[in-house]
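For reference, chains read A, B, C and D in written order, and residue numbers begin at 1 within each chain.
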Amino acid sequence: MAVNRKTNNFTEKFRELGLGTRRLSTDRFISKNGQFNVVKRGIGLKGFSFYNWLINMSWARFFAFVTLSYILVNLFFGTIYFLIGVEYLTEYNDNSYNEFTHCFFFSTQTLTTVGFGRISPVGPASSFVAAFESMIGVLGFAFATGIMYGRFSKARSKILFSNRILVSPYKEIKGLKFRIANMRDSQLIDMEARLMYSFLQNEGHEQKRRYISLDLEINFINLFPLPWTIVHPIDEKSPIYQKGVLELGKERAEFLIILKGFDDTFNTYVHQIHEYNTDEIVFDADFDPMFDPAAQGETHVHLNKISDFHKVESKKA
Amino acid sequence: MAVNRKTNNFTEKFRELGLGTRRLSTDRFISKNGQFNVVKRGIGLKGFSFYNWLINMSWARFFAFVTLSYILVNLFFGTIYFLIGVEYLTEYNDNSYNEFTHCFFFSTQTLTTVGFGRISPVGPASSFVAAFESMIGVLGFAFATGIMYGRFSKARSKILFSNRILVSPYKEIKGLKFRIANMRDSQLIDMEARLMYSFLQNEGHEQKRRYISLDLEINFINLFPLPWTIVHPIDEKSPIYQKGVLELGKERAEFLIILKGFDDTFNTYVHQIHEYNTDEIVFDADFDPMFDPAAQGETHVHLNKISDFHKVESKKA
Amino acid sequence: MAVNRKTNNFTEKFRELGLGTRRLSTDRFISKNGQFNVVKRGIGLKGFSFYNWLINMSWARFFAFVTLSYILVNLFFGTIYFLIGVEYLTEYNDNSYNEFTHCFFFSTQTLTTVGFGRISPVGPASSFVAAFESMIGVLGFAFATGIMYGRFSKARSKILFSNRILVSPYKEIKGLKFRIANMRDSQLIDMEARLMYSFLQNEGHEQKRRYISLDLEINFINLFPLPWTIVHPIDEKSPIYQKGVLELGKERAEFLIILKGFDDTFNTYVHQIHEYNTDEIVFDADFDPMFDPAAQGETHVHLNKISDFHKVESKKA
Amino acid sequence: MAVNRKTNNFTEKFRELGLGTRRLSTDRFISKNGQFNVVKRGIGLKGFSFYNWLINMSWARFFAFVTLSYILVNLFFGTIYFLIGVEYLTEYNDNSYNEFTHCFFFSTQTLTTVGFGRISPVGPASSFVAAFESMIGVLGFAFATGIMYGRFSKARSKILFSNRILVSPYKEIKGLKFRIANMRDSQLIDMEARLMYSFLQNEGHEQKRRYISLDLEINFINLFPLPWTIVHPIDEKSPIYQKGVLELGKERAEFLIILKGFDDTFNTYVHQIHEYNTDEIVFDADFDPMFDPAAQGETHVHLNKISDFHKVESKKA
């Protein structure tokens, strides 16, 4: 089995995309953040990965999760010290709080290994529990560190897409155009793009969703420091040749983009998928320039203009 | 040497799979968890990797290993402090446990760097050992963290296989079918599948095991959010054309699957191998659908139905 | 979409490089350290990655950042302890410094989890803050460790380029030559090189920047332990055939190199880009040898000679 | 630039290997542990990577390095505390050791953050230094952890090579054979092998080293659980056709192997290079089997027999 498969013929068989034919809904199949709207059922928690869950949650939720776990673990150990007896910890002569609170704070000082020592274990039982708790604390550090690095190293390319896909003049014909840019300062290298046209087709009594690859003017660039306008030339061979907005709407057309590139900061391949549906197509329009013509020396790119377009006079396609 | 090798001709030479010809046994060559039943001998521990061992054990065994190591290291250092003399540690005025226990608990407080300080080293000998032990403790943290992250980052794709491989109607002929699904929420991208047919062949006086690649309807999909039914069309060119269950049983037929894909959470290629033996073939059957037809908007997939099939009327193959 | 795209025809379409056509300036587009001179505007901090920033800064700045953060966090927590009241910390009987300093030092001892215990929290308020601060300390360790490993593992191949690109005798014709070497002891494997010729071209009333791939004598080597002289043969098919220094200067010629290889220490692909502009071309010169002829057994390479060249008599190109 | 380059024609141009033509010595160019015998000079420490150095040293040396650094750092900080004055640390009432030792042990307790607290800083100067030292300690942990994980994750495939390369009967002709096996339990996948024949050739007055790729019976295997015997068929097209031991010795022949595979534990590509020189060729011999014929169920492989061979009767090649 080869690592890679060459796609000499970009108009491949329908099913090669791996998305099946049964979805009829007009809802987005790919959400705005690039996730599939697929629900997997019937396997309980067997498909659940605690690691993935911790890696993919937001930083705010992650911090809340850590804090909550910290409190729960200390309540647990605090209770054990309390059951052993507060007299087996030093210095409970503090009338400003109760016995359990003393045990709880001893637990926090043990778990984090700060170990001030004002409160210390006395006797074998509390010493043993403290020895175990501090080991758990150390493993907890290791665990948190692993998760932290996992969160860092999960490459999250941030590719900006124009929020519309345009049917624009292109050479002597028309072209289907959208624009992407790398928001990050990290370099993306060897970028590949693939554009799929998806639509409902009648097949006997039922409708099936079909996918066809659309040829691109350029489907690969070596370096991606500047915005890239990706163009499908709408020539006679194009499956959307002379199709208007009504026709595309009727067949619930979607345009699916698969991007792939090598992230030079994370030294890994990154993927991003994006979907434009019929509402996001604009006919007879073209993108505004994003470069600052006045800038000298350095090249200035205005990423906030990525979706800016102007209407153009219609030509026959 | 190219990074990849293109396999234009999927019916390659027999030995390219790398599995040799000598195995005659009917035992599974690939166990249910995707490991080879191969025992390597004669190199002692030279092939042993402590890291691999720690990475691949279960979490329960890993936790037991850490706890045991922790106890052993503390027994070791505790003994040293005891030999130096408990009078070189502070606060041995506790009659609830013996001198060695005092030394042991001092060791745990040093190794984890919790260092309460109620028990502290006095004098150069115990201070020196404590200085060394706390350094070991710090390296131990680092070690545990490295292992922890190694365990996390070892991508373990969980691909669900149907537990049967079916001979089903396929277009006008028959097809050999099995079904796979990604149990994880992480995306697998650029999935490749290869199906090998393995059987015993008489060669003069001896039998040799042979491998032939079977052509697949689709051997590559871009995206894998939905289950994938992999089909080998049993046409006239197929090496299993018109072979029945008796014939396959006699030659101890096995079907070997090699899957490869890119895991978008771990940013790495993952591999999985699987084997169906003769007992796992079902003739004249087809898989039940896994999609929930009632679901609106989102696509619902019932992964617990992956092996469900129904008998179908036989056609001539 | 295939992982890789084969570039059978190395003289590809202009725009495939991904660098656009609008830059007219003579300033370097690629700085000496291999970064693009592109400024991205209009997205505020949405493209900013705190992780990337910490990973890519120098060690001196990183250390300064850590120290400053440490001081700020301790000023913050020190202030809280001070507001709670220094009487809720033990041992403020030290007249050599003021109350705030006492709180500040208690904070440092808590955040690093060193926890000497001479200064300890008394009462629920300061104990609670200390419990929280030590948790923050532990997360801070985890954070610092993740960043530290990220800095380590970010493969930074150090490829040395000759500081001139030469037009030298090559076989019966001339060749455009430059020389590279791996400064590191780590092995680079499967090195690929691509050389682009970029120049301004009049197009109606405006000038556009064009890119053409130049054929190389060798564009791929398996192993890279020795310096590699990369040669573009200037034959009749070459776009720079018979062009002189004036002509190249007028069209603001640049030579762009894209290198890619697999780093065997970091187990990852690494990329490097480099630019020679017109000032860096030397006509009728050839590189001096870098090998030490006297060395026996081992092969000695003098990397400091990588840019050394001597003038040679001109031949017709 | 494509990620990979297909080597359609395995007998490529000489220089593609990247090893140059000037080495005449009979010394091994590739040492037994797979490193090149190349010395890079003239760049001082600019090519030195502290990280690589720490990653690649033996565990014994690494441990010694850590211990020594620990002692030096504590001598440094101990001296500072001593200069500030031992009276600014608590508890110097211990007559069993001198004042500097007291300061040294305080430093160790601070750096590791064990912080027993029996010895504590008193006054701003020693408190400030302790605050700084404990921060250094925390960064030191992070550093050690990063290095530790770097050492773990540096995939070190252990491929066992037969210590001889044989000229054996192969089908109707002869073949050049050697044998490899994976010592590790981790799986190597998609293994590629390339065999180069290197020899000295007279070119005018001087000798140059040449490299020719030798065709292999099989140069790629999907799975590598069993030993692999790599065979170059010595037919009429082979550059070593009918060459004897004297002829190969005279031209200082070497056989260079480049192996590449994907390590499924480390999820990364691994490379290994190996060299056989003329002394390691055995004519008219064949390898002994490594499989245990008696084993049932599991396949038993005796890796210690990898170099075992027996003489066979010569045939005309």
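Annotations
As a working rule, a residue touches a chain if its C-beta (ideal position, glycine included) is under 8 Å from a C-beta of that chain, and two chains touch if they have at least 3 such contacts.
Everything quoted here is computed from the prediction, not taken from an experiment.
Residue-number overlap of contact pairs with C-D passes half for only one option from B-D, A-D or B-C: B-D. In the CA-based superposition of chain A onto chain C, the rotation angle is 90 degrees, rounded to steps of 5. In this assembly, C is the chain whose CA centroid lies farthest from the centroid of chain B. Counting the residue numbers that touch the partner chain, chain A and chain D have more than half of them in common.
Computed centre separation for the pair chain A/chain B is 26 angstrom, with centres defined by C-alpha atoms.
Averaging C-alpha coordinates per chain places the centre of chain B 36 Å away from that of chain C. Contact of a single residue of chain C with at least two other chains is seen at positions 1, 3-6, 109, 113-117, 137, 141, 145, 147, 149, 190, 194, 222, 258, 262, 268-269. Contact residues of chain A toward chain C in the complex are 3-7, 66-67, 70, 74, 94, 96-97, 101, 105, 108-109, 112-119, 137, 140-141, 144-145, 147-149, 151-153, 158, 160, 181, 183-187, 189-192, 194, 218-226, 228, 258, 260, 262, 264-265, 267-269, 291-292, 295-305. Contacts from chain C toward chain A in the complex involve residues 1-6, 13, 15-20, 22-23, 25, 27, 29, 36-43, 46-49, 51-52, 55-56, 90, 109-110, 113-117, 120-124, 127-128, 130-131, 134-135, 137-139, 141-143, 145-147, 149-150, 154-155, 194, 258, 266, 268-271, 273. Contacts from chain A toward chain D in the complex involve residues 1, 3-4, 113, 115-117, 145, 190, 222, 262.
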